[in-house]
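Here the chain labels run A, B, C, D, E and F in written order, and each chain numbers its own residues starting at 1.
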Amino acid sequence: MDHKEKGQEITTRMFGDILDDKRPAFKEMIAITSDYLFGEIWSREGLALRDRSLITVAILVATGKEKQLKTHLGGALSNGVTPDEMKEIMIHAAHYSGWPSAMNGLNVLQELIEEQGLEVSGES
Amino acid sequence: MDHKEKGQEITTRMFGDILDDKRPAFKEMIAITSDYLFGEIWSREGLALRDRSLITVAILVATGKEKQLKTHLGGALSNGVTPDEMKEIMIHAAHYSGWPSAMNGLNVLQELIEEQGLEVSGES
Amino acid sequence: MDHKEKGQEITTRMFGDILDDKRPAFKEMIAITSDYLFGEIWSREGLALRDRSLITVAILVATGKEKQLKTHLGGALSNGVTPDEMKEIMIHAAHYSGWPSAMNGLNVLQELIEEQGLEVSGES
Amino acid sequence: MDHKEKGQEITTRMFGDILDDKRPAFKEMIAITSDYLFGEIWSREGLALRDRSLITVAILVATGKEKQLKTHLGGALSNGVTPDEMKEIMIHAAHYSGWPSAMNGLNVLQELIEEQGLEVSGES
Amino acid sequence: MDHKEKGQEITTRMFGDILDDKRPAFKEMIAITSDYLFGEIWSREGLALRDRSLITVAILVATGKEKQLKTHLGGALSNGVTPDEMKEIMIHAAHYSGWPSAMNGLNVLQELIEEQGLEVSGES
Amino acid sequence: MDHKEKGQEITTRMFGDILDDKRPAFKEMIAITSDYLFGEIWSREGLALRDRSLITVAILVATGKEKQLKTHLGGALSNGVTPDEMKEIMIHAAHYSGWPSAMNGLNVLQELIEEQGLEVSGES
C-alpha cells in the first residue's frame, strides 16, 4: 500500500468521508493532507495511533482550534480514546494551557457527546 | 494517602528533588503545584500517567514552553515514554503547531539525550 | 466559611447562576472551578478582586478567549471596573497583544454594553 | 496630505467604508486605527503595500484572527495579491503555524471567493 | 507638555534610561515607542498607571514575553505594584494562561527581587 | 531535478550547510524538512521565494520563534529582502502581534546586522 492509499485508508477510518470536500480553495490542501500528513506522518510506525490522537487533541485544545478539535475527537474515538478520557484530557489541559482552553474543549466534547449519543461518567 | 502525600510521591518519582526549590518567589506556587496540581489533578484516576505525560509534553511543545518541556520529558521517561516516541511526538507536532515548535522540541530532547546518555534510533 | 462556600459566594456574586450548568461533560470541571479556582485562588488575600478582574480580562483579550471574556467583563463590572475602563483596556492591549485581539475584545465589550444597557463615553 | 487624510485614503481604498462604524465602544479605536495605524504605519515608505498585505495576512493566519483575516484578504486583493497566491500562503503557513491555522485560513479564503465571485486554479 | 515630552517623562520615570538605546535596528521603533506608545497611549486618562501596569504584566506573562516582563515588572514597581502583588499575579495567571507561563513569570520576578534586593512574604 | 535535489538546492542556497546537522534527535526531521518542506512546499510555483520569505519571517516574529527567525532572516536576505525591509516588517508586525514580538524581532535582526556587517538606514 503506497502513501496515497495509506492516507485514504487512515483518514476514512478516522473521519469518514472528509476527503470528499470539493471546495476549490481546499482542493490541493486536502490532497496534501491525505497523501502526506496521513499517508506519510500519521502512518509512521514510531507512535501508536491512540498516542497520536492524544497528542493531537492536546495540541488542538491548547491552541484553541475548536473546529479541528471536533474532527479529531471523533478520530480519537476511532483510535480508542474514551469520552471519559477526553473529559479528563480537558481537565488536565486546563492547568497547562489555561482554564479557558479547557472550557472551550469541554464545550466541543459536549457537542460530540450529544451528537453521537455518548456517555461520560459523573466522576472518573 | 492524602493529597499532600500523593503530590509529593508523584512529583518525586517523576522529577526527583524538584520540591526542594527554596527561592522566595516560588514558595507558595511550589506548594500549590505539589499539593493540588500533582496531588489532586495528576493523581486523578481517569487517565493513565503515561497518557498524562503525552498530553503534557504535546502542550509544552505546541506552546513553546521549553524549560518545562525539559522537566516533563524527564517525567515522561519515568512514566514509560521512550526517547524514540518523544522524537516521534515532535515530528507529529510539527504539523499541528508548526515546524519551529518541533525543532525547538527536538532541541530540548537532544539535550536530555546527551545529559542522560539515552539513545534514539535513526529511523523509528 | 470553607473553600466550597467561598467559591460559591464569589462565583454567584460575579457571574450569577453560572454554577447551575448541568451538562455532563462540565460537571467535574465546574466543581473544580467553584471549589478550587474561586474558593482557593480568587479568594486569596494578596490581590484585590478588582485587580484580579483586570488581569483576567487582560489575559483573555490577549489570548483571544472571547466566550470567557464576555463572562469576565460581567464579573469585572461587579468588581468595580467601569465600561470606560474596559474600553481603555482594549486600546491599551492592542499594543501588547496586537490590534486584532483588541478589536475582538471591543466587539465583546460592545455586546455587553448593548445587553446590559451600559454607556461608554466618546472620549475617555 | 497629513496623516489623517492618508489614513482615510488607504483604509477606504483597501477596505471600503470600514470607517463608518458607529458603535460606541469602537469610536476611539477606529480613529486611532485610521489616523495612526494606516496614516502613520501602513503609509511608511520602507515596505510596499503588497508586502505589508502579505505579512499582515500571514500574521492573521498564524494567530487565528479570522475576522480580521477576512477584512485583510479583501485589502490584499486591492494591493495586488491574487486569490491563488492567497491559497498558496495558507499552504505555506500550514508548515510554520500548523495545519489547523491553514485550514481555518482556507475557510476564510473560500468565503471571500464565494462572496466576490473569485477563482482559484486547481493547481498553482 | 506635548506627546514627545510626555512619552519621555513616563518612560524615564518607569524604566530609567531605556531611551538611550543606540542600536541601529531599534532607532525608529524606540522613537515610536516613546512618542506614540508612551506619549499617546500610556498617557491617556481613562485608566490609572497602576492599572495599565497590571494589565501589561498580565499580558506579558500570558504570552511568554520574558524580556519585556522584566522591564515592565520594574515599571510596575514604579507605578505602585508591590512584589507580593506581582507574585500573586503569577499565581492567578497560572489558571488562565497555564502553569508554565506562571512559572516563567515567577522566574523573572525572582531575578528582579534578587537584583533590586526586594522582599516577598512567604504567604500573601 | 526531483524533490530531494530541489530541497537540497534551496536549503543550501538559502541557509548554507544547515543539512549537515548530525545530532541523532534531528536526523529524520532534517530529512523531512529538506525533502518535503523545501523540496515540495517551498519549491511550489504559486508564490515567489521572496514572498515566501516575507510570510515566513512574519509568522516567526508573530509567534516568537527567535531561533528560526535568525535562520530565516538569513534566508530572506538570499531571497532579496533587504535589512531595511526587515526592520520595517518588525515595525509593521508590532501592530498585529504586539510590541514585544517586534522588539524581540528587532533584537534578532540587530544580531544578524552585526554578524554579517549589514547596514540599516536611520529612517526608511
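The criterion applied here is as follows: a residue touches a chain if its C-beta (ideal position, glycine included) is under 8 Å from a C-beta of that chain, and two chains touch if they have at least 3 such contacts.
Since we're looking at a predicted model, the values are computed, not measured.
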{"item": "Option in A-B, A-D or A-E whose residue-number contact pairs overlap E-F by over half", "value": "A-D"}
{"item": "Copy pair subunit A, subunit E: interface residue numbering same or different (half cut)", "value": "same"}
{"item": "Per Cα centroids, the chain farthest from subunit B", "value": "D"}
{"item": "Inter-chain centre distance, subunit C versus subunit F - centres from mean C-alpha coordinates, in Å", "value": "39"}
{"item": "Interchain centroid distance [CA atoms averaged], subunit D/subunit F, Å", "value": "22"}
{"item": "Separation of mean Cα positions, subunit F and subunit B [Å, integer]", "value": "30"}
{"item": "Of all residues in subunit A, the ones touching two or more other chains", "value": "37, 59-60, 62-64, 87, 91, 94-101, 124"}
{"item": "Partner subunit F, residues of subunit C touching it in the complex", "value": "62, 94-101"}
{"item": "Residues of subunit F touching subunit B in the complex", "value": "23-29, 32-33, 37, 59-60, 63-65, 67-68"}
{"item": "Touch list for subunit B against partner subunit F, complex", "value": "64, 87, 90-91, 94, 98-104, 106-107, 109-110, 113, 119-120, 122-124"}
{"item": "Partner subunit A, residues of subunit B touching it in the complex", "value": "37, 41-42, 44-47, 51-52, 54-63, 84-85, 87-89, 91-93, 95-97, 124"}
